[in-house]
Each structure stands twice: as C-alpha cells, then as structure tokens.
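Next up: the structures, one after another.
Next, two complexes with chain A in common: one pairs it with chain B, the other with chain C.
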Partner chain A sequence: MTARFAVGERVRVHDRYPPGHIRTPYYIRGKSGVVADMVGAFTDPEDCARGGDGLPERPLYRVRFRQTVAWPDYAGDGRDTVDIEIFEHWLEPEPG
Partner chain B sequence: MATHGDDHGHDHARTFVADEEDSLGHYAIVEMAVRELLIEKGVFTPDEFREGLEVFDKAGPHLGARAVARAWTDPEFKESLLADGSAAVKELGVDMKLTELYVVENTPRVHNVIVCTLCSCYPKPLLGAPPDWYKSRNYRSRMVREPRSVLAEFGTTLPEGVEVRVHDSTATMRYMVLPLRPEGTADFTREQLETLVNRDSMIGVTVVPAPGQGGPG
Partner chain C sequence: MADGEEKTPRGYHDLGGHPAGPVDRSEHVLEPWEKRVDVLCGILVDRKRRLMTIDERRDAIEKLGEDAYNSLKYYELWMAAALKLVLEKGILTRDEIDGRVDEIRARLGLEAGP
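On to the complex of A and B.
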C-alpha cells in the first residue's frame, strides 16, 4: 500500500455530497488542513455499508485543521485545532 | 403529594421516578428484533451475546489509569503507548479487536479532548462503556464547535497560550488522552498515581487534579 500524502503535507477535503454512509463530516468538506499522521489502510466503510467487502483497503489519515478554518466564526483561541480521520479518497493536494 | 406522616425519611413528590415501560424507541425495537432473529438463525447464542457485553463491563477507567500511571513512571512504556497504543495495552490484557488505540499526550502547550460527532466511538475494550453525556447530541455537536465552552462546563479552563486540540473519532482509531502528571506527585508510587487518574481526564474534559495538601496517604 503506497500512501499518496506525506505527514506535513497540506490537503483539502473534497467538497462533494454523495449519497450513502460517509464518515467524512459535513463540517470539514471543502476545508484545508495538514496531514498529522497516516495510521494505516483499512476497509472502506462506505462500501461496507452497502454490503460490500470494503476492499481494497484505503489509507487513512489524521488531518489537522485550524478551528478558525473549520468554523468561520470560531470564538475560541486562534491556535485551536481539530484532528479528523479522513480516508485518502476524500483528500486532494491543496490547490495553489 | 404530601410527605408521609411517619418517619419515612423522604418526600415521594420529589423522589418519584416513573417506570420506563413505554419508552422503547424505534431503534431499540429494531435492535431487539435483529438480535432475536440472529439468535434464532444460530449466528450466535444468548450466552455469547452476554459475554460480548461483559467484555465492556470488565473493562473500565481503572485499566486506562493503569496505562497512564505506567506511562508517567516508565519512559519506554510511554513511548510504546504513543507509538502503538493497541500493542502497548496488550500487556494489560486489553484486546482492541477491530479498532486501534491512539493515545494523544497532553503537554503544557496542547490540551487534547476526544469526541465522536458521528456516533459515540470510544475505546471500550480499555475504558469500558462511555458516560451518557459523551453519547449525547449536546456533547457531540458542541465539543467540536465550541470546545472551550464545553470544557468550562466541566470546570476546566486552561492557562493562557494552550492550544485545545479536539479529536473527532470518525473512523478506525479509538482515542485516549494521556493527561499531564499533576504537581506534587514526584514521590508517589505507581499505585498511588493510578488512584489520581479519573475517567474524564482520559477523555480530556478535565485534567488530573493535584493531590490535596499532606502528600500521599
């Protein structure tokens, strides 16, 4: 299994809303962050939810976002972050 | 409703709690139906189902506390806990099964807190069943959105300059916070340290408080 993204790389979450069981939260779609860790490859929960076998396994990343990016009116500290597990097929290199 | 005239000790108007006979929701009924069907079809037995529940009953914060106290006193164990939590807690007899334990370390600069916005993922083989508030919509929606307000409601405010890092447990990882070791515990044994570590500090909504005046009991 080769991982497409490296720790420290800036990535953007797809801004798409397909039907079915998706574990990428709505609140982070279209937002950009940094890969904090790559924790291995796992079966795709979207396929498993349809009764599939979830194969091939896909790399899973922990991506770190600034809370001020996740929530435009975030009222906490500007340093605050949120780490979210996101599958590789939901990520693209940050544009630009 | 009046208090009892005799020496009953309490007022039923204030202690009455209704039976919950009518409170089965749709999904509770679905669960019972599916479970009974799977037992009928021989997929598992009632005993196997009960044993599965008992795995979580036998786990609990005492296991997490043991891992925390050991990490505080054994640098090699701490490194292994942070590098591969599932492997490290095998030594405590914990099997994370299809999930993986990911331990995040509190530092003077970063305070970690765990939530599952999608459902209520929690490291059950290690910490047992999650508290009801952890599963509530209130916690799950607000911790990711306004973590400092929610922390304040748990009585937790952090010093100036500390980053609050929320972990949304959306996939295979199950998270535990390794809290900061409190001041005034340099002479504590590992067993004494275990008694300080509370469940909420391993979720991240509190810190481990410093022991009271007078040192180890």
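On to the complex of A and C.
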C-alpha cells in the first residue's frame, strides 16, 4: 500500500455528496484538517456495500479538525479538535 | 462540489452535529437474542461463507426508512437488514423462514405468528 499523505500534512475532505453507503460524515465534507495518524489499509466500504470485493484496499487516515472548522458556530475553546477516520479517496491536498 | 453533480441529501443515519441530549453512559447488558443476532450476522459476513459484507448490511440499515431507523433497537436494525439481504440474495425464501418460525413456535408451545 502506498499512502499518498504523510502525518502532519494538511488535507481537505472532498465536497462531494454521492448516493450510497458513505462513511465520510456529511458535516466534515469540504473542510480542511491535518493528518494525525495512519490507521492502515482496508477494503473500500462503498464498493463492498454494492456487493463488490472492495479491492484494492485503501489507506485510512485519522484526520484532525479544529472544532471551529467543523462547526462555524462552535462556542467552546478554539483549540478543541475532533478526529475523524477518513479514506484516502475522500481526501485531497489542501488547496493554496 | 463539481458543477452538475447531484447532491444527495444527508441521510437520517448520519447524525453528527444534530442537537442531542446527554449521553447515557450506563452499562447495557445484552439480552440473549441480541447476542444471537450478533453471532448470526458474524456468520453471514465471515470469510468462509461471504454471504454478505458488513457494508452491505450497513447500507441496508440506511435504507430501512427513517421511521424504522428511529424506532428499532440496535440489534433489531441488524436483524431487519440481514433479513432483507438474505431474501434479496436468494439465500433463503420467505416461505423457508416462515416455516422455520412456525416449527420453533410449535416446539415451544406458542401460538402461530401473525
């Protein structure tokens, strides 16, 4: 498995809303964060949900987002973060 | 989002960020039927049989409808989704399942089901 992103790299979640079984939470699409960890490689749940074999396995990352990014009206501490496990095909390098 | 791409609305199962009350952190003891559903669903997706995938079951749960999703218990959702897939995939027929339920009811001395 070749991982496209390294720990510490800034990434953006695709701003996409396809049908089907999608494990990327709705609220985080289009938001930017930083790769906190590599979780491993797993079969693609979107393909498996359609009856496919999910291969090739896809890298899964733990991506850390500021709560103020996830929720524009977040009233807590500005340093608070949320970690979300996101597959590589849902990530792109942060633009700009 | 790319131009012209259809935007699927947020699913009723995708709850992150919705207002919610306090989290019940008390231990939840599983009932025997819940453990059976867990084991049965594990057998349906294991590598030996591969009758379905965990993701197919999750997808089926997301398609049971909002009312079912909000009213059924956790393992009831698993069971309803697995049953739907077992029928769709032709692994068992409705008659086979109903026949077996009747057989068990008779053995336990219960009245026939609805």
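The criterion applied here is as follows: the second predicted complex is superposed on the first by the 96 of 96 C-alpha atoms of A that agree within 3 Å, B and C clash if a C-alpha of one lies under 4 Å from a C-alpha of the other, contacts with A are read in each partner's own complex, and residues count from 1 in each chain.
Here is the rule we go by: a contact is a pair of C-beta atoms (placed from the backbone, for glycine too) under 8 Å apart; a residue touches a chain by one contact, two chains touch by 3 or more.
Just so it is clear, the model here is predicted, and its values are computed rather than measured.
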Touching partner for A:60 - first (chain B), second (chain C), both, neither: first
Which of chain B and chain C A:49 touches, first, second, both or neither: second
Contacts of A:71 with chain B and chain C, given as first, second, both or neither: both
Partner chain(s) touched by A:40 [first = chain B, second = chain C, both, neither]: first
Contacts of A:81 with chain B and chain C, given as first, second, both or neither: first
Which superposed partner A:18 touches (first chain B, second chain C, both, neither): second
Set of chain A residues, in rising order, touched by both chain B and chain C: 25, 27, 45, 70-71
Residues of chain B that touch chain A when the two form their complex: 100, 102, 117-118, 144-148, 161-173
Footprint of chain B on chain A - complex, ascending: 23-25, 27, 39-40, 42, 45, 60, 62, 64, 67, 70-71, 75-77, 79-87
Chain C-touching residues of chain A, taken from the complex the two chains share: 15-21, 25-28, 30, 45-46, 48-51, 54, 70-71
Parts of chain C lying in touch with chain A, wherever the complex brings them together: 1-2, 5-11, 14, 16-17, 53-56, 58-59, 62
